[in-house]
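Both complexes shown next keep chain A, but they swap its partner, so chain B is in the first and chain C is in the second.
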Partner chain A sequence: MNISESKGVVRQILGLETAPHLKASMTTQKIMLIVLLSLIPAFIVAIFYFGFGVFWQFVNCTVTALICECFVCLLRRRNLLHYLSDLSYLVTAMILALTLPPLLPVYYSVIATVFAIIVVKAVFGGLGHNIFNPAMAAFIFLVISCPKIMGTTWVVPAPFAYGQASLSATVDVIYKGEDPENLKHLVEALNLSDNSNDKEELQQGQGILEKLDAITGATFLEKVKTSRKAKTLNELTEADFSTSQNQAYIALAIAYLVGGLILIGCRIILFRMVFTFFTSFAVLAIVLHHFYPSVFYTFTENLLYGGVILCGFYIITDPVTNAGTAKGRIYFSILAAFLIVILRAFGSYSDTVAFAVMLSNACAPLIDVLTHRRSFGIGYKKGDL
Partner chain B sequence: MATPLLQKIANGKIWKFFGGIKPQELKDTSNCVIETLKIPSLITIPLSRHLGPEGEILVNVGDHVKRGQPLTVASGRYVPVHASTSGTISAISKEVLPHPSGYTDLCISIKPDGLDECEPYNPISNWESVDNNTLLERIRSYGIEGLGGAVFQTEAKLRSALDDAKDGCKVLIINGCECEPAITCDDRIMQEQATDIAKGIAILNKILKPTVTVVAIEDNKHKAIQAMEVACKGVATVRVIPTIYPSGAARNLIKIITGIEVPYNVHTSECGIVVDNVGTVLAVKEAIIDGKPLTERVITVTGDNFKHQGNVRVRLGTSVRFILSNFGLNPEYHQRVILGGPMMGFTLPTIDVPITKAASCVLAPSSKQIPKLKQQTNCIRCGRCARVCPSRLVPYQMYSQSKASNHAAAQKCGIKDCTLCGACAYVCPSFIPLTAQFRYEKAVEKHIYEAEKRNARAKERIAAKQQRLHEEELARQKKKEEALARIKAQKEAEAKMTPEELQASRQKALEEAKAKAKARKEALLKGATTPLSGEVNDESQTVERIKNQERKAIEISKHEGHMDNPLAKARLEQEALAKKLQQEKEAHKNDLPFNLRRQAAVRTDTLNIKYYEEVIDNNTTHALVGLEPNDALQNPERKKPVAQVLMSAQFDKKVENNKLPEVLKKKTLRSKK
Partner chain C sequence: MNNNIETVEGKLSDKAPKNSIVKVLFQGIWKNNPGLCQLLGLCPLLAVTSTAVSALGLAVATLVVLCMSSIVISLLRKIIYKEVRIPIYVLFIASLVTIVRSYVEAYLPDLYSELGIYLALIVSNCIIMGRAEAFAKNNNPIYSFFDALGNGLGFAIVLFVVGSIREILGQGTFMLGAASLLGSFGQGLECTLIDSDYTIMVAILPPGGFFVLAFLIAYKNFAANYKRNRLENSFKINSKIL
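Right after this comes the complex of A and B.
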């Protein structure tokens, strides 16, 4: 009896598969794992300069993301292990942990993660179908709905911050609802002590606050915003990158660069996309600063503050939310760079990178439609030899 | 050396084609000498590619055939097929084809007698002085098709290069790339029979007279390159090209060798470039110099689960089972038997299928050597597929359109340019069966295209019918109006008359009518002897013919088993007769004027009576002509197996019954009931 006569009675003994039978070794799981591992240097640097708050944020986000994914998976009746094996939620959690303020109370980060996984990702159809970058969307969700807590829980970086913002100290602030001001000042004081080498003065604590405010105050970008409104941006002193707090930004930038180079080496992100992003960003920032110094500030500060490097290596290269075609990806990165520079000058929020990414994400389908690849055989003429 | 481009090609410039992948090579068998397989116990030769619409089978069941004897006369773009060993034809029936879904089609089965007698070889020894037509006719009649896998008819390719190309063939490329992993049969042929291939190239050179002849070989076949370089001196230049899959596909190879991208809607031979596989060239040489028809080919048998691997020369029609048992397959659980290479080959649903000209490899890998495919995950639009596609497509866009059965959009994305090379599915990190979906999409689009063509034809027919009906309606209307006018006029005339006049006119009309009727009767009686006699003769012949046909029809239907019910038989007779008469009438419609047509219809009634008075001679048996016995009623057509490949993604089936849990289901009125 052969297979056509069997009418389904004979069981198929031979294995059946669709061609091709060979497979390359790269899988989605591996891609996500490599992205996650490449973020580890930045994570360590962040703990070094911002304290263990970052670590707890990562734990919060990861656990919440895992629970959300399980919930979605149960709703959609998928195989749990298979559904969770793509690890993309871990990357989302890691990027969220690196972008959220380190001393943010636990419920805020939980809400942000739930928003990222359920509303931004799962509602649109899960991995690969979301229009917006989940981490950036969740960050913006928090920035818009509770701007004050985002400002008050932000820590001014200092070397060896993990000494003050230790595991237990940050637990008190993040989970037990203690006022973050105290811890913030203690971390800031590390900068002071580093600069003045006056440990005893630090121990007194109380009289130091005035001194601290004079040095740091709000973040640099906030300061820029206020001075821009007063049209005094060109009078603002340039950030001194030799100070210890600004070293944190340089260290973070280097960590992201290392991670990005790992990704480029593993062919997970496109070099030309990263290259285009930074080139167009540099050109725009330098040219505009040159002509309008009262509105746009300098390229180095532009680059180092506010997570532009994270954006260039990790956010815009997210394959799901950027444009689909090869040409479209180039245009996408130029658009993102342009939006960052413009929004920094005219936007009312200082978290311009997230907004710029969201706007360019929204444009990505349009870019997809407008760019298409030339088909095979164009330029052929009959008898062309 | 006319153009600078040709100069560049001759100088050995190599271009790069877009995309491509570098899969693991698996070519362990490149050092295995070509063996020859014994004669199998049964040979099955599929006819689907060797018959064509008007083709004929030359042999019958029970005939004895010798090796090399043609079995079919092909029509159209098909070539005949030859018996691959001597023996008796045991059946001409539907057998399973080497197809991923296990379709059946007409095959000739030969029971070999073991003697392997050959038809006498008929070499063309003076091929250098023979004209092209003879050589091309020989190539066609000896059943030579492309042995690379696409099975394009070689003679048609050469002829179109000679006729359709603007100034003849410019570049002849001999394809020895063999980019597909695991296959080494072309490699071995080049190593062992380089001089024969060189002779074959010389024949093609003689036919095509190309400016440049290039033998393209990938740089992982060192021995083959050496052998070919020695053998092809003066005939062709050997060009070593980088090893990238799929460099062996015709258009990609043309891009590598000449830098020209030939669009997919143009035949490569039409732009003066001919690409032929080394195996085909060898077959051309054997057909012309040795006079042997194409009855065997070299295939690679490889895979971890074989006791020994190697290259083997098999007769066409040998079953895969025979090859597997000869090479000692030690199957694992759900052993995959892949016909063709690991990139473009397909898993066989059954191993009782014959080797055809298209088969180049039998691969039985262990799941360690080639892991089984995993369950697919969501596409993350990483764009790897677009980066490797040699046809410059964006596969994941095409996939999503096809998945949403948005066929027009899929067309626009360029599904027609897809060669199903499998590079996209190879690199996909989410294990999406892109190639399978595209194969499905292509099949669906072909189906839609054919349905559209049918619809257009039906529409045309309906429009014509409507037009005709409309015209008839108009004619009828006109006639009716005329008649009404006549009656009206008569009534008006009658109304004016006095009663006497009226009576007189009526009397007159009556007399006139009587006289007319009498005259007609006389004319009929008088004419019946002379003109009608001939007519009756004609018509009796017609009736005779109709009756004969009828008897035949009854005979046939009796044979087929329709005629058990006598009532049905009578009805069938009447219907058939009425139909025949109608047909006869239709046939004469054009030669009779309109007025006579009615009379002709009346006359058939009288003829009908004559027919029934005659005695039908049931004793004479009429030979069956035309229709052959059809056993479709007793044996209804076999249910076709579900096309496994056409199920675009086998894994998706699990996802489809994806329902909300009971708790979350909204309770409707119906569910309360």
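Right after this comes the complex of A and C.
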């Protein structure tokens, strides 16, 4: 692109903040690598509680993302190695792998990744120009496109799930198109017997499950949604976080926390953004639950189920799709937290985090404009910098 | 004194040089396509194209109304007062739409229920008004007819392509319900291309319409500017960052 053509674009990139610019030592490649590494604890925890399906989702998403990036690179006539060195597609693939249902057939994860890379990222102009977070947009694309398969391939977490949902067992479901029901039962049965090595108890547990007409297919949030419709939310017992099933969510939360702290330590994500997000989320959830217990669910369940913690550390802090100004980022976090709480109560899908993130991404340019920093030397107010 | 002023070379003629009829026809189909280039009539284009058959039905209805209204307006162009032309155009278009709508309601009730309000809304379709205002009011009936035909065909092609892509991706079927529109010939066209387990439902929802249309417009721009871009690119210095 020559300079006379790129007038508008350059202004747009540099125009967010006024003149003194410093060049940081962090490159995109380094940032993405650290983000990827910081997600590894969560990835291991996910494999421990959800089985190796998560691993295969990561493989699917990575391979597809790599192919799509190569394709885009060829179309744009860039240098392949330079284009692929930013590693952002790996982060997208990792977040997708952690958010998609673990037993989702390969067809759907490929479609989601193609959508994320081609439509959400490349069409808008590649990394740095995308309006929406690619992983969340792809997730919503799947939720809207095939709600049925998203519901049926979700696994109820259990400790040592990797034993049942082993590499070969998950291959059968994900690649060879076997019915996921069987494997889901096997994994859920691990919850019934505390000692998973005891074969007899395990089989007993499976026997119980087979006799049941239906088991909770979707997540806890789905249950909350149905009971809210039936106006029995008050009667719903609070989730017991000591059960092995719910341990998974706590473990995942801790893993994300560890990853998030690493990122804050490396100064990749802004502490004030994460802090504002969780504070406003807590305040809103507690206050609204206190006044309207029949509509809003409690803070702990709100926080631990679904992707709120992942969202707080990894999604809203995405440097491309959040607001560009210092003040704007804080407003952006508050908006995202507010939307999550509100959509949890009134939205028609239970995957509220993704929708809330998309909506706040759409608001980010407006927030930028509204919180434009004063240019140096003009509009001086007393007591102001 | 000689009052006869000789005609000067390059005198301004009151009529612009006319294109050939074929050129007028093809301009509407490709270069100046109402769906892909003028971006007119987007409301029906996005709303009715969830299946190929309903898209085709609306396309034919629009084509008929467009051709007739262009001829009528072109015939009457000299006696319509300039100041009140828009109401008069609307009057003609509305009466033509009423005729087409009654015909569809009488003979193709399935299609009528599928198209719903959009059939009546052809009145406010900006393609028809646009062609009347931009072309028919300045040109003779034959030219106007071919211009309307080209634009109508261009719009019909876009509608049909968008409808087909959305139906194939979203439902996995192609030309489902063609029997109600085309009779026994349409029956043979109905087929299932993708198993219902593998469809992407978002394609038949509103966002799908925008996605498909956006990709079609992108393709049109790419194909139309291909030669020029290639020539321009050949002058650029290939700057590959290593």
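We take it that the second predicted complex is superposed on the first by the 331 of 385 C-alpha atoms of A that agree within 3 Å, B and C clash if a C-alpha of one lies under 4 Å from a C-alpha of the other, contacts with A are read in each partner's own complex, and residues count from 1 in each chain.
The criterion applied here is as follows: a residue touches a chain if its C-beta (ideal position, glycine included) is under 8 Å from a C-beta of that chain, and two chains touch if they have at least 3 such contacts.
What you see is a predicted model, and the numbers here were worked out from it, not measured in a lab.
In the superposed model, A:V287 makes contact with neither chain B nor chain C.
Contacts of A:H82 after superposition: both chain B and chain C are touched. Applying the stated contact rule after C-alpha superposition, one finds that A:Y107 touches chain C and leaves chain B untouched. With both structures placed on the common chain, the touch criterion links A:A24 to chain B but leaves chain C unconnected. Once the two complexes are laid over each other on the shared chain, residue contacts for A:V119 go to chain C alone; chain B is not touched. When the two complexes are overlaid on their common chain A, residue A:H129 makes contact with chain B while staying clear of chain C.
In the superposed three-chain model, the partner touching more residues of chain A is B, compared with the other of chain B and chain C.
When the two complexes are superposed on chain A, the residues of chain A that touch both chain B and chain C are 77-79, 82.
Put simply, chain B touches chain A in their complex at residues 3, 5-6, 21, 23-24, 95-96, 100, 102-104, 165-167, 170-171, 181, 251, 258, 260-264, 266, 270-273, 334-338, 340, 342-352, 365, 370-373, 375, 377-384, 386-387, 391-394, 396-397, 414, 417, 420, 422-423, 425-431, 433, 435-436, 439, 638-641, 644-645, 650, 655, 658-661, 664.
Those residues of chain A lying in contact with chain B across their complex are 2-5, 7, 12-24, 26-28, 30-31, 74-79, 82, 85-86, 88, 126-129, 270, 319-320, 324-326, 329, 372-380, 382-385.
The touching residues of chain A, when paired with chain C in their complex, are 77-79, 82, 107, 111, 119, 123, 141, 144-147, 149.
The touching residues of chain C, when paired with chain A in their complex, are 197-203, 205, 207, 211, 214, 218, 238, 240-242.
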